[in-house]
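Dropping the structures in below, format is structure tokens.
Shared between the two complexes below is chain A, which has chain B as its partner in the first and chain C in the second.
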Partner chain A sequence: MRAYQRPMAGWWRRNPYYLRYMLREASCVFITAYAFVLLAGLWRLAQGKAPFERWLEGLAHPLPIAFHAAAALLVLYHAWTWFKVMPKTLPRVPVPDAAIVAAGLAASAVLSAAMLWAML
Partner chain B sequence: MGDALKRSNKPIFWSLFGAGGMLSALIGPMLIFVTGIALPLGLVHLSYEQAAAFSAHVPGKLAILAVISLFLFHGLHRMYHSVHDFGIHVGAGLKALFHGVAFAGTLAAGALLLML
Partner chain C sequence: MSRTIRIECLRYHPETDAAPRFQTYAVPFSDDMSVLQGLQYIKDYLDGSLTFRWSCRMAICGSCGQMVNGVPALGCETFLRDYYPGTVRVEPLNHFPIVRDLAIDQTDFLAKLESVKPWIINEKDSPSEKTHVQTPGQMEEYYQYSKCINCLLCYAACPQYGLNSAFTGPAALALLHRYNADSRDEGKSERMQVVNAEDGVWGCTLVGYCSEVCPKDVDPARAVNQNKINSARDYFLRFLRK
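Our next item is the complex of A and B:
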């Protein structure tokens, strides 16, 4: 005899909230793949100038650019939710929740702007 | 020491997940945009000499290692939990595989950085 098991297949398609959750969770595949892209670049860099430049040229095809565009958007969505729940994930501090969220978003904006500035 | 007294490895992997999550939330979208979109489209430039110089000094090495390693531990930790969300039972073997891949990627990045 087997106990009843609630069917789980496709549960995340039944409700927009679950769909958003799964969309956000999809970013973990992209962030992992992106780390491997960087690792490949590091490997090519260690091999020398010509291999590194071939790695750079490889990034310029439509498929890698589409991958990075999707990755940037999903990781951005994940970052937004990461800071939104930060008042709950941080140890309790005597600061209003909205201030914690704002500080996280501001730190991200400042660091991102500084990084872009350094590359320009 | 009995099993009940054995310390859990959960805090270690959870800390690596959290550190990677924070790093990716702070700089992830812009870093992906810069290296994956702006660089190949020619909006920003990164020569071999600049990349080699960045990875030749210790702060540069640590920055590269932190990004690759923490992104891997963060992403693979969540992938391991997502497999559960799809209704697949995850045992110790699969957990070791996901964290092992992150660990192997960290070792590879560390070894390459020592060569640079």
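Our next item is the complex of A and C:
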């Protein structure tokens, strides 16, 4: 029997579901890059006021701003997808999936708002 | 049969074709005709050489799984009317070797199904000795996973299986969980080897499409990810017991 195995090349472009999955996975790259930028800021802060201010100035350009805007959008998307699959990863609890997702998203929104409030 | 729809079928005859090709048929249809009935019309009236699997026509047997416009679906519960006036493209299930036209080779899945020991393992007693009492709560633990009909739509939806066919895959792991979660079963330790293996539950990256396409609401992604917890627990408990 000569069976034919179809190739997988380009599989993630064949279905919007896979595209969304790949976007979810790729968002980690941006989030990691953002974490490194933040760590660099912490390192500059440890060196003193002047290096930290230079780091801040370095961020006030169109390219870093565009990067931060993209990272912020991807963090939101990642959070949304993360909470959406959360019920599948938890041990069985007597709570509907929709309530778990809603509670996760609400907690995330409240904590983000609290952090924003503390910073401003 | 007032309307006619174009059905584009993937054809592959190993004795003459080096690679699959598409062939289009014009099929007259009525509102109650499924994609499977469309294929049966082709076979009966247009081209007797078209090969496809089917049996029950009511989403019970799991034989007529195929890709319908790129989405894994049962031909018997997918209706031609929903695609009109467009073309319906029917292909064999993704990720499996094609034996002939729409028929795929299921050998790999059958071996995996056997590897998870999909039966109740209980050495102490047999059903003939006493009635197994089970509460509704205990039944709820496994019932949804027992609805699997082995149609393989979840494997066609799983890119991890497509990229690495050694991955045990959604349906076999869902059925593994069905028996592990059954209060009458005592075979969990035997099945944990499959769960813990490199190609067991850890081969899953939670794409989640398996649960979307499941025609019986089994939710294999949940079964697999529940067992990541079980696998981690099993690992650490074994470590502690040493």
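Heads up, the rule we're going with is that the second predicted complex is superposed on the first by the 114 of 120 C-alpha atoms of A that agree within 3 Å, B and C clash if a C-alpha of one lies under 4 Å from a C-alpha of the other, contacts with A are read in each partner's own complex, and residues count from 1 in each chain.
Here, contacts are C-beta pairs under 8 Å (C-beta built on N, C-alpha and C of every residue); 3 or more make two chains touch, one makes a residue touch a chain.
Just so it is clear, the model here is predicted, and its values are computed rather than measured.
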| item | value |
| --- | --- |
| Chain B versus chain C as contact partner of A:W12, first or second or both or neither | both |
| Touched partner set for A:Y34, first chain B, second chain C, both or neither | first |
| A:P64 touches, of chain B and chain C: first, second, both or neither? | first |
| Contacts of A:L76 with chain B and chain C, given as first, second, both or neither | first |
| Which superposed partner A:L42 touches (first chain B, second chain C, both, neither) | first |
| Touch count on chain A, higher of chain B and chain C | B |
| Partner chain in contact with A:V85 - chain B first, chain C second, else both or neither | second |
| Those residues of chain A which chain B touches in one complex and chain C touches in the other | 8, 12, 25, 89 |
| Interfacial residue positions of chain B with respect to chain A in the complex | 18, 20-22, 24-41, 44, 46, 48, 51-52, 55, 64, 67-68, 71-72, 74-76, 78-79, 82, 85, 87, 105, 108-109, 112-113, 115-116 |
| Of chain C, residues touching chain A in the complex | 12, 14, 17, 19-20, 70-71, 94-95, 97-99, 105, 141, 159, 162-163, 205-209, 211-212, 219, 221-222, 225-226, 228-229 |
| Complex contact set, residues of chain A against chain C | 1-6, 8, 11-12, 14-15, 17-18, 21, 25, 85, 87-89, 91-92 |
| Residues of chain A that touch chain B when the two form their complex | 8-9, 12, 22, 25, 28-32, 34-39, 41-43, 45-46, 48-49, 52-53, 56, 59-60, 64-65, 67-69, 71-73, 75-76, 78-79, 82-83, 89, 104, 107-108, 111-112, 115-116, 119-120 |
